[in-house]
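Below is one structure; the comments refer to it alone.
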Amino acid sequence: MSFDLELDDAQQAIGTAVAQFCRDHPSVDDGASGDFDRARWRELAELGVLALGTPEGEGGALEVVAAMEALGAAVFAGPLAATFCATQLLPESERQALVTGDALVSVGKPPLLPFAPIADLFIELEAPHAWRARPAGEIEPVETLAGDPWGRVQLEREAELPEAGRALALSEIARAAYLAGAGQRLLDDAAEHARTRIQFGRAIGEFQAVAHPLADCAMQLSAAAVLARIAAAGFDTSESDPGPHAAAARLSAVRAALGAVYVCHQIFGAVGVTLEGPVFRVARRVRQFASEPPDEHGAREAVLELFGV
Amino acid sequence: MRIGLDPEEQSFRADVRAFLEGYRNLNGFFHQDERWPEVKGFYRALGERGWLSLTWPERWGGLGLGPVHEFILWDEAAYARAARPPLSAGIVAKTILRHGTDAQKQRWLPGIRSGELHFSLGYSEPQAGSDLAAVRTRAERSDDDYRVTGEKCWTSYAQDSDYLWLLCRTGAPDSRSAGLSLMILDLRADGVTVSPLPTLDDAQLNEIHLDGTRVPAEQRIGAENEAWKIVAEALADERHVQFPPRRLRRDLEDVIEWTRAAGLDRDATVRRGLADLAVEVLEVETHAMRVLAAVQQGRAGAVEAAANKVAGTVLCQKIARAAVEWGGPAAIVRGEPLEFLWRQSLWETIGGGTSEIMRGVVARQGLGLGGRR
Amino acid sequence: MRIGLDPEEQSFRADVRAFLEGYRNLNGFFHQDERWPEVKGFYRALGERGWLSLTWPERWGGLGLGPVHEFILWDEAAYARAARPPLSAGIVAKTILRHGTDAQKQRWLPGIRSGELHFSLGYSEPQAGSDLAAVRTRAERSDDDYRVTGEKCWTSYAQDSDYLWLLCRTGAPDSRSAGLSLMILDLRADGVTVSPLPTLDDAQLNEIHLDGTRVPAEQRIGAENEAWKIVAEALADERHVQFPPRRLRRDLEDVIEWTRAAGLDRDATVRRGLADLAVEVLEVETHAMRVLAAVQQGRAGAVEAAANKVAGTVLCQKIARAAVEWGGPAAIVRGEPLEFLWRQSLWETIGGGTSEIMRGVVARQGLGLGGRR
Amino acid sequence: MSFDLELDDAQQAIGTAVAQFCRDHPSVDDGASGDFDRARWRELAELGVLALGTPEGEGGALEVVAAMEALGAAVFAGPLAATFCATQLLPESERQALVTGDALVSVGKPPLLPFAPIADLFIELEAPHAWRARPAGEIEPVETLAGDPWGRVQLEREAELPEAGRALALSEIARAAYLAGAGQRLLDDAAEHARTRIQFGRAIGEFQAVAHPLADCAMQLSAAAVLARIAAAGFDTSESDPGPHAAAARLSAVRAALGAVYVCHQIFGAVGVTLEGPVFRVARRVRQFASEPPDEHGAREAVLELFGV
């Protein structure tokens, strides 16, 4: 059998379905709303996306990757990576409300917690540990770069949750796939722009100062996408601790997606400066997804383990 | 070698700093749109002091000073985040001084000097961004008027400005740089539609539809079809204030303040990063000095200005990007200074000449490399 | 998805690793010139196992295996720093297999398969580096011979090789890619002068003067003037072994070992740097997998190979450069592994297709951008 | 008076004289010799170069900059920055032999010391402190990347030397000027190559992938050169501690010169791979000069002082 770095047909079908869903349910997110579309979140759940990787749902990490690549390409909003983390950590009884989209989870480290003002469940993270937790006091709402409702609040830890390392690995794989998908979408759009935008009598893609940075983006994004798939395959076969490869996938995807953001903003020029233009909606969500907890320090230490440092 | 300010310039800087104390929270450098009444008030206050006409000849109400004074004013204003230099007192006034008739000078300069009259730059079009010679907006002469039809875009401040400093085509459609003219178009005239384009930095650009808008022929500046050279000269007029380096010093100071508040300033990686950024701030200051030297010595300074623009704007992005990386989730909360700088800096390497165009200038004019862009 | 080796391939890898144990200090990957007798011995030992002809058809003495086996062999050889794939068993043999006559196959393949016969690549000329269609070396036909005159340069290993795999002009001087032929030229023939060019990695390249050197017509491979397509195909044959990613893993491991010995491996900045480099090593491994997938699936793989070359060689420089920065004065002592990697890596982004050419391939063939290079 | 970032006529005359000297006394240094040309060093001293900045010699730091820019452009070998450091630290009686080139000084931190096998004087550095020192035991000779004779040896500290901060600042300014000069020489050579080397029917300098990196080098090198001059001017007027600006100049020059090394190697391509070609002789000495003690960590901390960190 030949080497093959593509997802299989069934996995690709998940990606296709999710992409279609995203086209049918365009985001109202305008980057400055502080709102969250819970109805759309429930509809995504109805597709089975949030149950992926659980005993009750389909498949494993590769299926999560398929869905997240498509969600990233659509810059879908919501606690996506956090939900995949939580569904691994929680028992079926508590998982149910998450996979149906009825409950939202906030996973992070106080005081700043994603989606805290509208979250139903809280998990405190201090990689590689995780605790069930509950807010201690008032939640001060804040809005993020990408327009999501987060909040500042202290947490009271309750029971520690077992196997947090594995749950975190899945969430990092999910994050990596999302970022790779978002970056790839930017690259596709920018390459199309470079093929068609004429300045100085030729398509700007003929200028090396445009073409070569896009080529670099393409290389980095393809590597990041494959690393997410490799980490997912390792997660699914459970041959070894999935943490280090998941960490590598996340670090690679952050670098590749942010690289694409910066290069593509440059290539779209003034066209990309507008709030609703072809770049910034993706750019801000990439930056935000890349900044979500856990931080990169732990990921770097995990990767160093692979090299015995 | 002369690298520092002389005593008179130092004294002027002290005056500027004292004056700016009253405008330190204005933040019109980034938010001119939403603060327009206050920003306009700031410009009027500058006008009262004669500081909008620092370098104009005394005959036209100027102070007859050199570019260093202008640099000091706008560099300090950038540091204070007060406001950017208005187009009116820069490109517009200096072009009128150089190419306008006496009647035009009498008509336009007093209002500009006092900070009353404001202009937007009407160069860019959907198909003419970096490539300005592709401008299509058409001005047809009929008797004493032009009738202008076309579309301008990415126009800053048009919603608040009085006039458009319009680059338009009076020559044949394929005349490229040889068929362009410069005119002053009243933004309140018939046939003008200004539509907002909200931008990523909470401000707006504008699209401007011109549908047979009348421009009196006496509002054409310079000869018909001769605008290309005038526009290039005008760019040169503003080189020393186009990208003031103290904006970067302020950015870095804000980041340092933020890392200190977040307890990150003792982190080894952050310290290393801050030190490298600090060196780059000093580097950009040398580029600004080179521009000043060129302008003072009457040299073209295109290479120096291009270097200043690229180095300054790339660094402005580096500072914001590094800071957001260090800051983690807390740095992407709306209203945090880092989050804003991250967004705002995204377009510094585009507006006012892209980095690619600027590197081409340095390569061609500075190093004699190639004829391609 | 298939990303790992299958059991048979794993078993082959184990055999390769066991075999390489005996060559672990050979260091012919970097120092083929000075270790030529031992490197040649290594190739002979490979030949004895049939490992120089892993993918050749069995009819010509090959093992009829796929590219994964070749990849495993040369990837592990790179990790062991044992040696690089010989030109003879790669481009030369595969081109003869595809375009040679039966007589040519009988004449050349046995000596190549056994590791006896060695070739240097005779493509580059002073005026034809990245632009191979500019080759000027002229071959004039007379009866059964060609007489070859011209100059080749930057030729690796010519001092030790038996033959030159010669790209030369048989068409009109301005025929560009339509007038080139491929020939096997005996480096010991009359009219051949090989002059060494010492290189920055303690090795040498060579200049080769050809002054009416005789090449029997039966040593032309493929039709006259038809070499361009053959040369391009031959490049594709070697894509999966051109830049083996485990060379980078070894580089990084050597650096880690060095930082540990120097007590730098607990330094926060160094750890951060090592982690980022480690991620990039894993990234390059994915590029190699993509190349393998393309080659196995019979796709052209030019984009994948270009990405692998750029990513791998740029990273190889990053690793060495970061390490030398961390290492301070101790890292620039001759004989230190970091010092050598720093020098050696300087030319990895040049030889075998520059990064600029490779990015152009990705941009054109991968993204459909522009026709310019 | 206009702003003016150029050296004045007298300073430029020093640079011109030194450049002429270097042309008249080409280096035998082939990067793998382990030798040092003491005769040439003495002849350089006869020009007065090593006395610059001392009470007996000419001028101050700006004159040192003028000489070092020219020495860098010629990639002149020897303990140059170290000598400027030592002539500031030592009293006239000991300085004499250094400024005449009769004695060589090794300045550094054990165990690896520049020019140790042939040095007559040793100064141990632990910025911002410096001690007169002497070798404690056998000196194990090593050869450096650029072919200089260094050695491994422990030192015994003798008296601490006063005002080490100022001496170090001069040596950092000198190093920065040398690196800026070396980088500028590479850039000039590479730009000339790019203007004249034809591939694909045109000068390679017409390709943006060649032209734009050279433009970036030009910008960085010009900034680095000016920072060295600014630091020198500050040193000469003694208005404030010259350390931080000297440190900034060094960091800037290292980055600019190494950047030029990497870009110019790429642009010279195979031509630059040869040992004696137009790039590597400069490249190796830039890398070595950038690695000489003191290390960059102290320089970074000094720069942070300027910004109150």
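So that you can tell them apart, the chains are marked A, B, C and D in the order they are listed, and the count of residues begins at 1 in each.
We adopt the following convention: contacts are C-beta pairs under 8 Å (C-beta built on N, C-alpha and C of every residue); 3 or more make two chains touch, one makes a residue touch a chain.
All values reported here derive from a predicted model rather than from experimental measurement.
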| item | value |
| --- | --- |
| Common touching chains of chain D and chain A | B, C |
| CA centroid of chain A to CA centroid of chain B, Å | 38 |
| Approximate Å spacing (C-alpha centroids) for the pair chain A, chain C | 39 |
| Sequence positions of chain B contacting 2 or more other chains | 272, 356, 359-360, 372-373 |
| Shared interface positions of chain A, touching two or more other chains | 207-210, 212 |
| Arrangement of touching chains [line / ring / star / complete / other] | complete |
| Chain B-facing residues of chain D, complex | 1-8, 62, 191, 194-195, 202-203, 205-208, 210-212, 214-216, 218-220, 222-224, 226-227, 229-230, 233, 245, 248, 251-252, 255, 299-301, 303-304, 306-309 |
| Residue numbers on chain B that touch chain D, as the complex places them | 1-3, 6, 68, 252-253, 256, 260, 265, 271-272, 274-276, 278-279, 282-284, 286-287, 289-290, 292-293, 296-297, 307, 310-311, 356, 359-360, 362-364, 366-373 |
| For the chain B and chain A complex, residues of the former touching the latter | 124, 127, 129-131, 134, 153-154, 197-200, 202, 205, 317, 321, 324-325, 327-335, 339, 342-343, 346-347, 349-351, 354-356, 359-360, 372-373 |
| Residues of chain B defined as touching chain C within the complex | 267-269, 272 |
| Contact footprint of chain B on chain A as seen in their complex | 32, 108, 112, 114, 142-147, 150, 198-200, 207, 209-210, 258, 262, 265-266, 269-270, 272-276, 280, 283-284, 287-288, 291-293, 295-296 |
